[in-house]
Amino acid sequence: MTHKVAILGASGYTGAELVRLISQHPSIEIAALAAERKAGLTMAEVFPHLRHLDLPTLCKISEIDFSQIDLCFCALPHKTSQEVIAALPKDLKIVDLSADFRLRDPAEYEKWYGNPHAALEQQEEAVYGLTEFYRDEIRGARLVAGTGCNAATGQFALRPLITSGLIDLDEIILDLKCAVSGAGRALKENLLHAELSEGYNAYAIGGTHRHLGEFDQEFSKLAGRPVKVQFTPHLVPANRGILATTYVKGDAEAIHAAFVSAYADEPFIEVLPFGTAPSTHHVRGSNFCHIGVTADRIEGRAIVIAALDNLTKGSSGQALQNANLMLGEDETAGLMMAPLFP
Amino acid sequence: MTHKVAILGASGYTGAELVRLISQHPSIEIAALAAERKAGLTMAEVFPHLRHLDLPTLCKISEIDFSQIDLCFCALPHKTSQEVIAALPKDLKIVDLSADFRLRDPAEYEKWYGNPHAALEQQEEAVYGLTEFYRDEIRGARLVAGTGCNAATGQFALRPLITSGLIDLDEIILDLKCAVSGAGRALKENLLHAELSEGYNAYAIGGTHRHLGEFDQEFSKLAGRPVKVQFTPHLVPANRGILATTYVKGDAEAIHAAFVSAYADEPFIEVLPFGTAPSTHHVRGSNFCHIGVTADRIEGRAIVIAALDNLTKGSSGQALQNANLMLGEDETAGLMMAPLFP
Amino acid sequence: MTHKVAILGASGYTGAELVRLISQHPSIEIAALAAERKAGLTMAEVFPHLRHLDLPTLCKISEIDFSQIDLCFCALPHKTSQEVIAALPKDLKIVDLSADFRLRDPAEYEKWYGNPHAALEQQEEAVYGLTEFYRDEIRGARLVAGTGCNAATGQFALRPLITSGLIDLDEIILDLKCAVSGAGRALKENLLHAELSEGYNAYAIGGTHRHLGEFDQEFSKLAGRPVKVQFTPHLVPANRGILATTYVKGDAEAIHAAFVSAYADEPFIEVLPFGTAPSTHHVRGSNFCHIGVTADRIEGRAIVIAALDNLTKGSSGQALQNANLMLGEDETAGLMMAPLFP
Amino acid sequence: MTHKVAILGASGYTGAELVRLISQHPSIEIAALAAERKAGLTMAEVFPHLRHLDLPTLCKISEIDFSQIDLCFCALPHKTSQEVIAALPKDLKIVDLSADFRLRDPAEYEKWYGNPHAALEQQEEAVYGLTEFYRDEIRGARLVAGTGCNAATGQFALRPLITSGLIDLDEIILDLKCAVSGAGRALKENLLHAELSEGYNAYAIGGTHRHLGEFDQEFSKLAGRPVKVQFTPHLVPANRGILATTYVKGDAEAIHAAFVSAYADEPFIEVLPFGTAPSTHHVRGSNFCHIGVTADRIEGRAIVIAALDNLTKGSSGQALQNANLMLGEDETAGLMMAPLFP
């Protein structure tokens, strides 16, 4: 059986990545592609790399007949997303890729995003979309909130440790290195090739990055008490990839064993041999996440490093993985492509 | 029915690319991976991006039982390839990715490659592997010689014009821009990141690049008289992609029409609207070739530009496309993945 | 004696490059930096790489007391530049980096730039700023029009041949590979790191690039009859550099000899040994231009390749070289820094 | 007065960088360039970006008449360097850029570098070359040991804090992001453009990087008790730059004040306004080091980030700064060039 999906926000990178992935999916068909400002254009005009595909012309959201749609991907900017989703049919399955439905507490949402939430009803029913840890809820969900790409990476590196008693919960540092596509297609000086390539820097230092809202929510919930991590993202001159270097206090070998056990049956999480460092080179364009654990020379300290592709496992791949569950398909359908290297 | 294949030279880029592609193929199974100097290692150790796959351990060629192999990909350096292939079973289907069996005339081979050919018998039976133009011969071939990646790109941009009478055959200039993976995994100073990134240059200028042997052979054969093109390759700081900017004398609109017609039924060749320039950005990691035709402001001159991914359509993708034909499979099996952008 | 200069358009790349160069100049002092939209900011806020310098705060042009200024660099967008320059004191020495005063014929200006020229008086007195060929005029000029960066590169590769009788003037092809900083700090999707890196493409194909106006003007003037070249620029993923691969018909060795002779006394033009290809890697951040000549395998054809840094020799370095002449300083003052490699 | 210098190891990146810098120095002349394997070649053949300079031909060390040399730069690999220096005249001023004379304790040297030290006499007299902290000793030294580039960056970010009592000395984490030129011109697969660009990873994780020997030595000496830091370097796809993100426990504003005070008179150290993140983009090709301090959202934690160019301030620029002191020249001579951006 073929499922018909719509993608709202098809002119952005996560929208295009969804099309790339779904083009290889055995049982999902793209029935509508919406992009308000580019409505009327073909997808080939907006993204020439997709010109070989037979795709619907870009339209406005208002032109879509949602009664013909089995599931809708929302790849819109946050804030826009909540407004659009509030107006969609109440029984339509939705995977949202924005930040709008990730935080359970409306006050937390407003604190991190600056505006009161405009779709509280939908927010309440939304399920957090980190597939490996919310699989059952996602299977039965109507609205799934895709996680932040940094938030996903950090959680893959830390969740199995939060409840394990293996690490000191008050001494967690995440130093993230992020590629530029995570910033989307936004026209900003610092995202220009001339300004971004050949150098790198930290940004949102000091605990101001919005994905901290997700870390706080999820880690505190897991631990049953407030957990606050230190998180510094860096922008590096590459297009895809997030590398989370995580500094924790605990026994490295026990931590490695915990990861091996926690992810033993996961199709997309690869725990590397002890002492091995993962690289974003080895996950590009794929839905895999590589995790490595190493002991520091200082006793009682470990370094956990996770690598994934922000556009795939960190965003559109995760979204499709969740959609597969919601549609009753094999969770890995359309997602087993190997990374692109070199 | 599943076909069993061996890949000789699995520790190079074209070998790894074959594994990436075949990992998504519905009816081909990798039964053996050979790499003389890395025999005994797992593929995950040599190429960590393939660690999610269940693959045979790297072995020596001598360890392979070819009676269990339906088709063998040879991704070895030229000269080595002819020696290895001469010693393989005479009825084994082979797709060779090296330069060894591309040139029909042993004297031409020696002229361009510097050594006398050591497998003349096999050379004689080899079929030139430019699928779109040798489809029938390839279907029935035992040994197919994959084309040079630059040679493939230039031919996609020129073959339909050579026999058409539309252009002046003595006034063809190919200015190619090549990404670095075409040079393979060779350890050379000019291929280091520090020396290659941030700049670019021509190389093999003046008509000394070996792929000229293929252009001469194919274009002269097509035209029924000697045709010599001018060809200057450039090395640019990117990993995948060849862009052939071809300067010809002829009517641009007629040339465009000739391309539209010649490639109308080709699954992998996309002729862009008249006046549009293709980009290597839009074919990365895919088996597609994009072709654009534009009229110059000087009357009677046209610019034909072709873009493809040297590792995929220019090498391993082409090899799999040919293998599909040789094995009686759908020509496009395992090859319809969309390009990776951004 | 110290000369006081103003830089109008200090928040763009060519403005910043001027500051970089002048910071090492023995006898030029920056007295004013104007940037209309960023007036009030310090240069360190706009360009943190210049924070070690003691510079005037950015101001509006109207705030500058030009009676205290010996020479003014205009690094403004074309069209804006002519409006601003028309209003500046009539005796102020000016080096303009925009396109506004490059073309002698107002009709040609309008043809290529789309608007009627608004400063015809100044246009008439302007001297074309290709230092090596207009040295005497520049020395006595009040207003010098900096050349286009592509136009400069192509002219270094061709001017000595136009009057020599060594090449066929109707068979000249320029295939240019340009780095991205030539496009300035403009916010466009195709200039984003995510869209530009990892691939490359031709643009303005078919003879539509505005720098053709300069080629036509200069080459025709030199030849004493209309000369039209074919010119295709390409955008490559690097920040600085232009490589002009020029295809001409003529004797390569004679051409090389002509270059050696023409540039024998030039401090910034390096003619490489015959058969050697220059690289943009080897001129980055410097005011040098490297030129190589090679014979093609087809008799009677030669390839001339020129490489320079578009922001330095192609723009701000050229501007300072001209300013040196206009101010009676040593032409090379502040310009002898070695390229940055790697 | 002009000082004559020799550069041993002129065919590597730090050797070439020395030539670049010295080419603009008012009172240093390069009298000899040695490179054993490339002896007989011109520098232009080895590094075409230096072809405009009038330089001595590359020779063997044994061919240099050291009686004519005022100061010798050794840019040789470690281990080779100690052997060569042991054989040089005992009164020759030397700036060594290798690791051989950085560690005071021969046992520590052997622990980190694996071989017993072969020039103990010279090791004993060597002065550690971190100019800003050893200025007086360097001025009177015969042999100065240039620091590791990572070690320099980490020390600029931490030294003022070690003696201040402002931070917890047992809780220091250095997460470094290093560009590739720090690895030198070594031919290794992971340094190829195809393997390094487009991704990034940690290496030498767990406290195995050799520069830890320097951190241990210097920080323990400063503190008067053993201090061990946690240090994880990462390789990022850029050619120049080190960014040290340092996590410390202490009051961020007090830390910032300590930096402002400590570096108030330093010509090359720029302390950014509180809360500002430095970028390697803004120090490329220069001898500047930018330092930023930010408070984390978790009280009592601060992030100190330092950025410099590994080849300049981290190596050859530092070496020239030290040579200036040893020769009685202005410390900043030849070193005030602005960074290259973009």
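Details
To keep things simple, chains are lettered A, B, C and D as they appear, and every chain counts its residues starting from 1.
Following the convention adopted for this analysis, contacts are C-beta pairs under 8 Å (C-beta built on N, C-alpha and C of every residue); 3 or more make two chains touch, one makes a residue touch a chain.
If you're wondering where the values come from, they're calculated on a predicted model, not measured in any experiment.
Chain pairs B-C and A-B differ in how many C-beta pairs are in contact, and the one with more is B-C. Residue-number overlap of contact pairs with A-D passes half for only one option from A-C, C-D or B-C: B-C. Set against the Cα centre of chain D, the chain with the most distant centre is B. Per-chain CA centroids place chain B at a distance of 45 Å from chain D. Annotation: 39 Å between the Cα-based centres of chain B and chain C.
Computed centre separation for the pair chain A/chain B is 36 angstrom, with centres defined by C-alpha atoms.
In chain C, 13, 181, 194, 197-198, 237, 239-240, 278-279, 281-282, 284, 342 are the positions where the chain touches two or more neighbouring chains simultaneously.
Against chain D, in their complex, chain A makes its touches with residues 173, 175, 177, 194-195, 197-203, 205-208, 212, 228, 230, 232, 234, 236-241, 243, 245, 247, 275, 277-282, 284, 292, 294-298, 301, 303, 305, 307, 342.
The residues of chain A lying in touch with chain B in their complex are 13, 16, 19-20, 23-24, 47-53, 181, 198, 239-240, 270, 272, 278-279, 281-286, 288, 290, 311, 336-342. By the touch criterion stated above, chain C contacts chain A in their complex at residues 13, 180-181, 185, 187-189, 191-194, 196-198, 237, 239.
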